[in-house]
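Structures follow.
One chain, subunit A, appears in both complexes that follow, with subunit B as partner in the first and subunit C in the second.
Moving on to the complex of A and B:
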């Protein structure tokens, strides 16, 4: 009987098990193997040892794309988290009905396809006529050439990226709704200031959600592709602007694999990305042990 | 600070944020209805209306085909992922078997696996199968379930009282009946969450259509939008009003879907944070 049940269980799990083998575990191994070859779809494949990895070290565009991606992520993640938390805290104080309305408003940009976000970026952040610089001009600030100036492309992308932070707001809002009220009240009775209560009660209570969004936004940031590719890279094989300021890692990986057909090399790039993401996630997990508090523990 | 002043601050803060979050939509829609010369005038209501932008794009590109493709692909992606994830979720929620926790840990772990890493070998698989230049790779992987939805639906299945299942077992129901006749009907909201969530993800995807689709007749709307941008936005003359009309056409269906089913969208996101 128990054995029959086990068989039935694996029957139900079989779609996932097959999918895992064919579309995850298999591809991981395949991409590792490919990364030691010069596979290019067209000619015979040779094993080239660590040549791809050596070439990556010498490839300045790998360094550029990696630096761009890391800088973007380092700006994007904290900005998203801080602004989202501020908005979620406003929402929780706004009362049920208006919270429902604003929740919808804040989430709306998240359902906007990233191609449209890329177009909006090009136009709203346009150096001469864009809305952003018009608004800055009202405040007497001479706005930069966001979409062309290499120094301002990434900050601009970070800002337009922050437009779709709605899901982080919703996650924090859900977490804040579970913060025990009596804990707050007890702390207030003890004379704790608002800031002290925020640090001692709110943050620990939602640390699980903070940690989760840290990981998810970081992984997402490191894989940024759609909006950058839309705005800066065309189908005519070349990028729109002369500089590599918008060369993000996955954009370069995509070009190597599907434009230049350097599949072996691109596989090595994919593995480097994987190792970087694993390393950053592990560091974050380690750090989180100090401050993440789970109710169940 | 007085309670009243605090209320005002909250109110102003939210109102400012609401403008920041909605203004780009208003700008997008309004600019798509302006003649070329006025696109950057930043007036919210066009001084001169140019609905012909939509006629231009409709005749310059197979927009209707792309929209249809997007609908078909998104429906296929959402339907397959919901059904398969529910089946797997039932396996994890109902049965007790050796290795269950380890296996479920693996499922949750794969949520962290970056898609960009498996992108190349996955392409090679579809290429081997002769399907690389079709729409199949855009949804067929969903036949095998997806970690987040498995997780989400399992939570709901765990909430079904076990006595219900046991009573049905005593009546001679098989496992499939337990799943299909008891678990699924009782957990319909979770299935809808998975469905609309995947609908959104699939509708917005650009990377995979860029990799797989060569024939413009097969393009999804975002892929077509990118082609419009390449044609009208960047090379030489910039016809932004046409590009904007394309951006509106790409965006509006999702906005409408969201406004119709926002409860399910928002529940999906909120559950994400409660993982683990």
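Moving on to the complex of A and C:
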């Protein structure tokens, strides 16, 4: 009986297992092998040992793209988490009917295709005529050339990245709804201020959700591609004017693979990013032991 | 992360296989009717549709199935890698060298001999752009010229004569650009003259007596001091008109393809541009008066950088013989003329102007601009300039070469490097890419 149940379980799991093997594990192994080759899809594959990895060390554009991506992620993740938490805190105070409306409003941008977000960035953040600078002008601020000035391209992309924080808001909202009300009441009776209750009750109670979104948003930030590619490299014209400030790691990887046909080198780039993501995630997991509170513990 | 690379490859592979499958590669050789598959071409307008139908008639009972959209490297690579290349591929001529060097395209020598294709009907610059190491890899289609477009109203308002505006004297050009440029409360309101860099650097280099690459496409010459001088001058033009960030931001606000375009709105004095833009202006702002003049070098000679697309046959094309006849017909002069007549008819019915179509086929152009359309003065200027057209040679690492010099220009525009530093770095990158791509050939 147990044996039959085990096979039945495997049967139910098989679509995922097959999908994982064919579309994830298989290509990952293939790309690992390709990363040690000179492979351009069209001509014979040539084993080159660690040459691709050595070339990465000497490639200034790897450093540029990696620095851009890390800076973007370091700005994007905290901003997304703080704004999302603030919005979720506001939502939880809203009435039941209006909460549904606002939840939808906050989540809508998340379903906007990233390609559209890239185009939107160019329109909203144009230094001469964009809505952002027009609003800033109302406050007497002379806005920068967000889409051209290398110093402002990444901050602009971080701001447009906050456009799609709906998923994080929803996760925080669910977590906030599970914060024990009696703890807040007890703290309030003891004279704790709103800030003290937020710091000592709310944050520890939702630390699991905070940790989860930290990891997910960090990985997402490091893999940023669609909106940046659309805005700065999507067409021949944009490619011509592509600023180094917008050269993100996955954009560079894509260029190497499909513009310059260096698929072996691009595979090595992919593995470097994979290792960076694993390392950052391990650090985050290690740190989480000190900051994340699980009710079962 | 790895999945971001491999998954698109697999997906593209599937798409490619499906595309080829849907193309209905059946029948086999001999006299059987087959359906040719293609990539990179769609029958979007009557110029494309008329020629497509003519080409299909030439291989009846076989036929080609039109694709959609433009050439997609991922799709093409996946199809070739999966052993199911399309019968035909339509791509920019500048890309041919890269794929030809990797033997993904077949040389057309046999095709030309078998079908008796008269290469003399094509413009030499277009043929040169499709030729790598002495072998022709594509039959040329359009012939995109780059001319000087001058906004008469803006120049007259500034007290300048549009007919006298020229790029020969760089000091005078810089002075005119500043005079035409308008800034209001710190914001740029009009660009006096747009040199269109990075993309038109090859023209500016040639105007200064330099070439970016050797004639055989193997030796980069980006570090030629004359290239740096040309770049320095064009960057100086932009800095004198508000600086790169303001200049580009303002230019991005143009309604480039609409009725409120920069000519109609008086937002631009003059710029260098492809000839197709004459049709845009004729269609959307016929009231705007535009003078068209050749872009001239400092020696006064016209400098007309031309580009365009070409038809090629991928290695492993299942129906290479029919494909050869099909591309012969597609680029032949009678086919172009038939297409131009159809375009003229459709435009006349719609009450819209038709300025003509500039093809890579000299004989077609002769008839089109004699019998089908009456050339305007602007079109006549383009026709007179065309014989001096030049193309960058086909290169085994064309995309990397292009990226190297364009990124160099962007670094200078961003203020991070001097022209000489940026071009020296680009020279190293470009030559390394060319050497690697030409290894063994």
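Quick note on the criterion: the second predicted complex is superposed on the first by the 291 of 297 C-alpha atoms of A that agree within 3 Å, B and C clash if a C-alpha of one lies under 4 Å from a C-alpha of the other, contacts with A are read in each partner's own complex, and residues count from 1 in each chain.
The working rule: a contact is a pair of C-beta atoms (placed from the backbone, for glycine too) under 8 Å apart; a residue touches a chain by one contact, two chains touch by 3 or more.
Source: prediction; values computed, not measured.
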Which of the two partners, first being subunit B and second being subunit C, lies in contact with A:108: first, second, both, or neither?
first
Would you check which partner chain A:126 touches, where first means subunit B only, second means subunit C only, and both and neither mean what they say?
both
Which partner does A:273 reach: the first (subunit B), the second (subunit C), both, or neither?
both
Between subunit B (first) and subunit C (second), which, if any, makes contact with A:212: first, second, both or neither?
first
Applying the touch criterion given at the start, work out whether A:43 contacts subunit B, subunit C, both or neither, answering first, second, both or neither.
second
By residue count, which of the two partners contacts subunit A more extensively, subunit B or subunit C?
B
Based on the superposed arrangement, let me know which partner A:53 touches: subunit B (first), subunit C (second), both, or neither?
neither
For A:198, using the defined touch cut-off, is the partner it touches subunit B, subunit C, both, or neither? Pick first, second, both or neither.
neither
Quick one: is A:258 in contact with subunit B, with subunit C, with both, or with neither? Answer first, second, both or neither.
both
Using the superposition on chain A as set up above, list the residues of subunit A that contact both subunit B and subunit C.
23-24, 26-28, 30-31, 122, 126, 129, 223, 225, 240, 250, 253, 257-258, 263, 266-267, 270-271, 273-274, 277
Going by the contact rule at the top, pick out the subunit A residues touching subunit C in the complex.
23-24, 26-28, 30-32, 40-43, 122, 126-129, 142, 144-145, 147-150, 223, 225, 237, 239-245, 250, 253, 255, 257-261, 263, 266-267, 270-271, 273-274, 277
Subunit C contacts subunit A in the complex at 1-7, 9-10, 73-74, 77-78, 80-81, 98-99, 102-104, 186-188, 198-199, 244-246, 248-250, 252-253, 397, 399-400, 403, 406-407, 410-411, 414, 416, 433
Interface with subunit B, subunit A side, in the complex: residues 5-6, 8-13, 15-16, 18-20, 22-24, 26-28, 30-31, 34, 87, 90-91, 93-94, 98, 102-109, 111-116, 118-120, 122-124, 126, 129-131, 134, 163, 166-167, 170-175, 208-209, 212-213, 215-216, 219, 222-223, 225-226, 229-230, 234-236, 240, 250, 253-254, 257-258, 263, 266-267, 270-271, 273-274, 277, 281
Flag every residue of subunit B that touches subunit A in the complex, lowest number first.
6, 10-11, 13-14, 17-18, 20-22, 24-25, 27-28, 31, 39-40, 42, 84, 87-88, 90-92, 94-98, 100, 103, 106-107, 110, 112-125, 141, 143-145, 150, 175, 179, 200, 203-204, 206-207, 210-211, 221-222, 225-227, 229-230, 233-235, 240, 243-244, 247-248, 250-251, 254-255, 257-259, 262, 265-266, 269-276
